[in-house]
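What follows is chain A paired twice: with chain B in the first complex and chain C in the second.
Then we have the complex of A and B:
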């Protein structure tokens, strides 16, 4: 079993650009990748490798392996000599068992039982070093991951908002989006919407943009809307 | 790797040229400088340094911890120095940063305590006074662009009141129930805060010791300029005491079964 966790803050310098972003990216059904660093780089890199992993799985006919994703990621990142600022925590379960890797922007990888990346990594690693044991049960593992992300959220300015988690087992992957929300906004004291008629208007003109619509089915089958 | 024998064994400036890549003619000169070459010397860089100091408030007073290492860059040069110092009967200070500046501060504070003792006016200097004295000095030196390159924690108990404050080379002062300098601020502070905040009046001396020991262990794992020998200072209404050197019990077999760094299986 592999458990992954992440906070949900995306920053643009000192500004919080996204208060609730998703940092746990899908690689395959049983493999997920947490991305720290440049958001665009983590998004596009994980999406590319996810796509290539699906093609690879179809090509080989086997269930995709974590080392495959790791190798694809590290070879790409090394090729770009660190210019792609993606610091990734890759975890998953495949036919050979559970695996956890960390991939740095320059392309180096580490295989470890517990890893942290990002600006909150020191705070999170402190929690891991205090609390990690071998062969933890699902509940203990999840609590440890949540405590580590919490440490990052409350002690690091680059992390914040909510906690996302993901538990991957041989049979099943559970995405726990916003499993904890320790930074909810207080309820607003009043309703601040403006009443209708606040802005005076003189004339009203409603135009329907759809003047004439005619649907013709081509090919005999109904439209494929997947 | 430094390829140039003329640089081996000499003080090195990693910020400029960690791998000896400058051509010989342009290599920065790291040797002894003539003291009067630039007129008066001011801003420096710390040379022999101590790493984090941690401190927490507990039920009966303050507990502070610091390891016994003074590093010379990446060399673990002095492995049995004491970075915690008792000042008078009520206070302990702990310092990270440049050790020569700390020794100067220690001499200054010794003089201060002696003067206070000889005054015999019925008053003694408590932690608040020591902290204020240090803060004034640190800020004054910073304003002359000649700082004492330290981060200092001042802790003590006087008249039943616990005091714990921080002062650094810029003259920044800060007070809280958990404090940490250096790497401790990034690594240990999250642990200290979770363990102590809200429980300052409940934690016993044993609890406090366990918390600090755990934090020192994590720091030894994750700070590359630390060692596993440390001391703990305890200040209560009864007085100050600095412990003997303690050794950390660490475990390095966590990744026993792992081979390689990626695709390797054997």
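Then we have the complex of A and C:
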């Protein structure tokens, strides 16, 4: 079993561009990839490899393997010499068992039992280093992942909003979108809209922007197949 | 940048700071490495395996950029697989080293890779080849590499002796291997973690592992002013744990 987790904040410098983005990307049914770094790079890189993995599976006739996705990703990233800013955590279960890899933008990979990436990786790794044990049950693993992502959300400015998780087993992959939402906006204390008439006016002039309307049907009803 | 500047790594690139070494003895070679991979001052992987299989009896020790060395080792691994199929016999260590050298020399401007190739073959027996940054090829009876190696040149020069046989010395070699690596790891910030070793002989490849808390301890240093000195005994009892055996 492999469990993956991610926060949901996408930033443009100091500004939060997306408060609830999806960072856990689909590679195959039983393989998912968390992406940190440049959002466009992670999005397109994972999509490309996902497509190639499907073609590869059809070509080989076998269930896709995590190492295949890892090799495809690392060879592409190495080719671009770090210009593609994708730092990925690739995890899944295949015919050989559960696997977890980390792939850096320059194309180096590590195979480990627990990994973190991104600006909040140090905070998350601190949680893993104190809490991880071998052969954890699903619930313990999920709690650990949630705790690690929380550490990133609350202690790293580049991470925030909600927690996404994904549990992958041999038989089934469960995507837990927004499994925890520890940053919901509080209910506003009152309605802050201005009353009509707050701004004084002298004259009112209402114009219809549609001056003349003529409806002409083009091409007939049926599709033109001439 | 800081002391790893000589490796000319790009910002953000993952670095195998490293202490690696390989020693040839009568029946085979012993190779060893630390296990630390760094990105700047963060340790990205504290249990890295820098001893990479490129063929049944040929391994390489990687230092420098993790991405570069992994990519090069993968290409060599593929190349040697093809060679085995076409030549119907395993490649010689010299051939493997030449493939490495070709890649490292012809791409020397783009790469940051210091590699030690070591193994056993039928023609020559055991051999160790050092391929430093520029892509030169140097066959040596023993070789050290990586940022941590600079701290143990003196130790290795003083300790190495020719003509070590198998049994009596596999232990001694392990000790000196481990000792040299432990010394390098204690002085070099970019090296650390655990020690991984491989003993490659005609029959098999034996992987050995020394956890971080069982490293031999040397002079750990102490505050001279004030407090009474606590003399540390230089223990070389390494308690090496044999791992799964590869044939």
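As a working rule, the second predicted complex is superposed on the first by the 189 of 226 C-alpha atoms of A that agree within 3 Å, B and C clash if a C-alpha of one lies under 4 Å from a C-alpha of the other, contacts with A are read in each partner's own complex, and residues count from 1 in each chain.
Methods note: contacts are C-beta pairs under 8 Å (C-beta built on N, C-alpha and C of every residue); 3 or more make two chains touch, one makes a residue touch a chain.
The shown structure was predicted, so the numbers you read here are calculated from the model rather than taken from an experiment.
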Residue contacts on chain A - larger count, chain B or chain C:
B
After the superposition on A, what does A:78 contact: first (chain B), second (chain C), both or neither?
second
Looking at A:106 after the superposition, I want to know if it touches chain B, chain C, both of them or none. Which is it: first, second, both, neither?
second
Scan A:70 for contacts with chain B and chain C and give back first, second, both or neither.
first
Looking at A:182 after the superposition, I want to know if it touches chain B, chain C, both of them or none. Which is it: first, second, both, neither?
neither
Which superposed partner A:155 touches (first chain B, second chain C, both, neither):
first
Touching A:97 in the superposition: chain B (first), chain C (second), both, neither?
neither
Contact-wise, after the overlay, does A:132 reach chain B, chain C, both or neither (first, second, both, neither)?
first
By the touch definition above, which chain A residues appear in both interfaces, chain B in one complex and chain C in the other?
74, 108-110, 112, 122
Contact set on chain A toward chain C in their complex:
74-75, 77-78, 81-82, 102, 104-110, 112, 122
What part of chain B is in contact with chain A in the complex they form?
183, 186-191, 193-194, 214-215, 217-218, 221-222, 254-255, 258-263
Interfacial residue positions of chain C with respect to chain A in the complex:
10, 12-14, 37, 39, 42, 44-45, 47-48, 65-67, 70-71, 110
What residues of chain A sit close enough to touch chain B in their complex?
67, 70-71, 74, 101, 108-114, 122-123, 125-127, 129-130, 132, 134, 147, 151-152, 154-155
